[in-house]
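Here subunit A shows up in two complexes: once beside subunit B, once beside subunit C.
And now, the complex of A and B:
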């Protein structure tokens, strides 16, 4: 078990190293002098020189990289060019908003997708299965931003049941927060649900073909016990990995959803930074998202043997 | 060939072919002929609802929506095809070399691929468009780069599974060079998974291209793109809902065609599992 965990943790190191090199190079590839950009005044040569020394830009590249990595490891992601606010603080604040949108969508999607995928597989090629598969394909085919606009049009504008855009934090006013969250959460749930259902269905089909299921049936166990006790445990493991990956698509999916619904989360922060060419923020968001995403996937990998003890032997 | 005759018997597959060929036809027609000039302004026809003269209505500049959607179809499909083409080309070459030679080359290629997989594709594309610059070229390069690692993984795993088979050994014994063996014997065997992955990522790039255009980071105005038209429609959502409904419908119908097509292909090539070929290549990660 420990060897398995250690191996999984060690495997992350090259990934983080390459991503950090990429993020570092990305900023260097942008035309223009970062020091000039920071000062914002081309004429003030003395100030530019001073900032250049402060930022360590007069040092060789590998030393710059080393210093930068040490800074990042200490949680210092630099300062936003727009607001002059430390990027790390802003990211933490924005992330708490994004979590409020992602978490309910993530839980709802899993609650719907796991049983739906299992039932579809259990009744493979029946009318019910075809219906579930069709619904999931339709969900996959509808662009999230269009669905968001349609929901705003119907529930926000025509029926006037829910606020169209904006955000209230759960900690401020729970009732209002839920009213603002309903539409974005529906959109994200529908999209995540579709992908999860497909994986759950596929892995259930595979498990149902195993000999031990035939054996369980021959023993006279009821279908519901077979599904709950034998199929679920074995089919859930691949879906667990998928759940970790689904978080990645949620994290990037919110960039668009937050823009449509004007939710001040991580996604909108990045999109605004892209418009404003706020490079420290772009770089910081990239590193932050990769860190969160890698951590969650590591967690899924570490939990995997709990559901499927065979893997840790490999 | 047997596989394709199975395909043709499935009604879903025929439906997807019907959808795809009509979309392609519209896109093709859109590059030669549109009812109106998609860029021509007409102040007297601002925000007209659908009518006999403007089938799908007009936008805030009085431009004909149908013409803009037709011409946008050309852009969207061209961008998606080129994106998949780039990812397919680089992914196949890198994946084949990685799987075939193994050793440090394999480890290096896979380390880079894994690092890029750790960055969600849309996010990576969003950030790359900043460096490369917006526009059609930027979108294609950014998305192509973001998708390449997925193709590398698919090709590599296929290559790994056939590397030790007899016909590869025979090719060596016959005195064929490694390169010849890779291109003549290894890559053709990866075609099935490649077609499936390709169709999945065609859908992804269509969606991502319209998402980037929707965010204003794709093909710049006044050139019509489906995502761009949708983005513009937001301001007029009350007075002109048709501006929002039709472009989204165009994207959704095209995606439905591609996804149904991919699903039917998967059923035939891999009837047992039907795993979705995606970031979520579960089988791969289990190992």
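And now, the complex of A and C:
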């Protein structure tokens, strides 16, 4: 297992190198000039040329790439072209915000989805199954921004129970933080829960059709014991992989929720950087997200044999 | 000679003020007048949504519109704009211009203090200006003052004559020097030297404004607190000039990228002001105001000018006849009505509707005549080739303008396609001249000369110039050396007449903004620059946050 883990960790290095190359070249292929965005409404072409020089954008692309990789290898992700803020510091700050939103959403989604998926599969084609599937389809189909605005209208505007926009960190004021987090966490939970429930339901149905489940029933084991002891572990393994993927996508995919609720997180940071063509921020954020994504999936891989002993890590 | 060269312009502009105030009064339609509250009240916090974070706290150096807006609550210049776009003394008590127009002497007001409690003297004014004029500072408008700009104007020296007097020496007279000092996009705030670190790097603005910087949480909010030692001017609040009384204890600018979500946040009483909301939301907000009365609604014509850019280097549009054909096919009034929910009216002139230089002549333009448009297009050799209008969705009015123009041009027999780009791409194309037609907008320019300065010039020097006419370039040069407002008026009139002949650009309208406040926000007034000023604004007693 240790060798497997080490091999996977070493594989992260070429992955990041490839991502760095893609991130670096692709963003430069998109039309738009950071110097133009920096100068903005003054619309001064001479100033644009001057800013391009100051930003080092007048250098050949391969030199820019070499400088950036060398910088990153030294642990420095560069500074934002727009704000002159170190990218690493900004990422750390934005990541801490995003984690506060996605962690509870992720945990809640898993807590709801796993039993819901199992129960739906166990009662396949019953009214309960249909109800659960219907709810999940609705949650999957509703656009997140629409759901977010709807919840703001109901709980923020009409009932005035919860703040509609903004963010307070748990380190500043736990009570206020929870109030601000309720609505975005509900939206993210509903969306992630729907996908996970469907995966859990499908894998549970597959397990329930196995011979060893029929055998367990023939032995006279209660349904509760069968579900907990035999079904859960085998059905959960594919969901675990899905959980890893879901967490990764949540990291970079919360931009819409962060925009609607005015949460200064990682997704919004990346989207703003793309609009402003802030190359160091885009490159740094993509590298960071890929690194976290890879680490989370490595963890999921390492945990897989715990739930499915048939899988050996080699 | 006190009030010599500059005062001539000032007095001439002031003589127009009565009629201008009337016209602004007509333009400013406040659906529910919130300014009649009799008793101003100190205290509380005004929460304002801004659609993006500020770039920095370094005025005029790393900036955008939101940065300027936050910072003009913190720093002040020697002079500032009045509501009617004339220039008034701000930190200066008086100013005098030498007879030859080469020397400007500013006498500072007594008892002025910086936010750190230090007195404001000529030494700090000189330090602030020397810093701005140092190329290492990165002042965005340095070319206005170092001789490298199109005006050739250069500040030769900023001298502290005595503790309360500062003198600027110029290389040539300039009718626009005071206008430049007051220019909002290039804030020339006077700051204390402790605003920078020992190595000259930026620390924080220690200014003289009615509010001081309390905190900046990047991506989240900027909080300003009232400066207790502020010495307000005695005149009434007037643009960025006059009295600045900070009634609210704090101003909290909350980053909220989505204007609709911000509007909902205002409805939920989580915000007190959302400015420049999408015009499409005006009617819905007005219905809410009538039904519930918990908000106030303002709309205001701004100096922003929306246009259709025409690439005169393009094979089709280098022909003046073809450009005239386009103009005959487009009705600026209808584009304005379509894109602004009937709030805006057309303005084909670069002289803004709210400018004191906008006369009846500037309301004239090529008449709508689709048959004539067809005829001129045929004369110019147009055979139905596809014409592309670039636009974007970030600024919805640019997209709406493009759609309206496409329909009008179709009706006159042109084959037009709208190409939607993201803003960064469209702006880059503007800078490199890679477009045929472009639905575009120029942000607020306080004086028509500054807007014409962006438009008139040779494409060989800057691809962003739209009008290469030698005659227009000569007229632009004359503005800088003009001696009174009457002469400037004649030049602007001639420029507009020339534009009607050559159609270098098709002006559409001056953009409108819709600002929404909670009803407990009193004495709020939008103005032509389209961004809020929060001194003089107070919160009604008894409201809950």
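By our rule, the second predicted complex is superposed on the first by the 250 of 314 C-alpha atoms of A that agree within 3 Å, B and C clash if a C-alpha of one lies under 4 Å from a C-alpha of the other, contacts with A are read in each partner's own complex, and residues count from 1 in each chain.
Quick note on the criterion: a contact is a pair of C-beta atoms (placed from the backbone, for glycine too) under 8 Å apart; a residue touches a chain by one contact, two chains touch by 3 or more.
Note that the coordinates shown come from a computational prediction; the quantities given were computed from them, not determined experimentally.
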So, A:178: does it touch subunit B (first), subunit C (second), both, or neither? neither
Let me test your reading of the model: by the given contact rule, A:79 touches which partner, first (subunit B), second (subunit C), both or neither? neither
Please indicate which partner A:47 is in contact with in the superposed arrangement: first for subunit B, second for subunit C, both, or neither. second
Figure out whether A:302 sits in contact with subunit B (first) or subunit C (second), or with both, or with neither. neither
See if subunit A has more residues touched by subunit B or by subunit C, and give me that chain. B
Return first, second, both or neither, reflecting whether A:277 touches subunit B, subunit C, both chains, or no partner chain. both
Between subunit B (first) and subunit C (second), which, if any, makes contact with A:93: first, second, both or neither? second
Please work out whether A:259 is in contact with subunit B alone, subunit C alone, both, or neither, and reply first, second, both or neither. both
Between subunit B (first) and subunit C (second), which does A:152 come into contact with in this model arrangement: first, second, both, or neither? both
Of the residues on subunit A, which ones does subunit B touch that subunit C also touches? 30, 149, 152-153, 157, 259-260, 275, 277
Per the touch rule above, subunit B residues touching subunit A in the complex are 111-112, 114-116, 118-123, 126-127, 129-131, 203, 207, 210-211, 214-217, 227, 230, 233-234, 237-238, 241, 244-245, 247-248, 251-253, 255-256, 258-260, 263, 272-276, 278-280, 282-283, 285-287
Contacts from subunit A onto subunit C in the complex sit at residues 30-33, 36-48, 54, 82-85, 90, 93-94, 148-149, 152-153, 156-157, 160, 163-167, 259-262, 264, 268-269, 272, 275-277
Could you please specify the touching residues of subunit C with respect to subunit A in the complex? 49, 52-53, 55-56, 62-65, 138, 140-141, 143, 148, 185-186, 217-220, 254-258, 260-262, 264-265, 267-271, 394, 421-425, 427-431, 442-443, 454, 462-464
Please output the residues of subunit A touching subunit B within their complex, sorted ascending. 14-19, 22, 26, 29-30, 133, 137-138, 140-147, 149-150, 152-153, 157, 195, 198-199, 201-203, 205-206, 209, 237-238, 241-242, 245-246, 248-249, 251-253, 255-256, 259-260, 270-271, 274-275, 277, 282, 286, 289-290, 293-294, 297, 301, 304, 311, 314
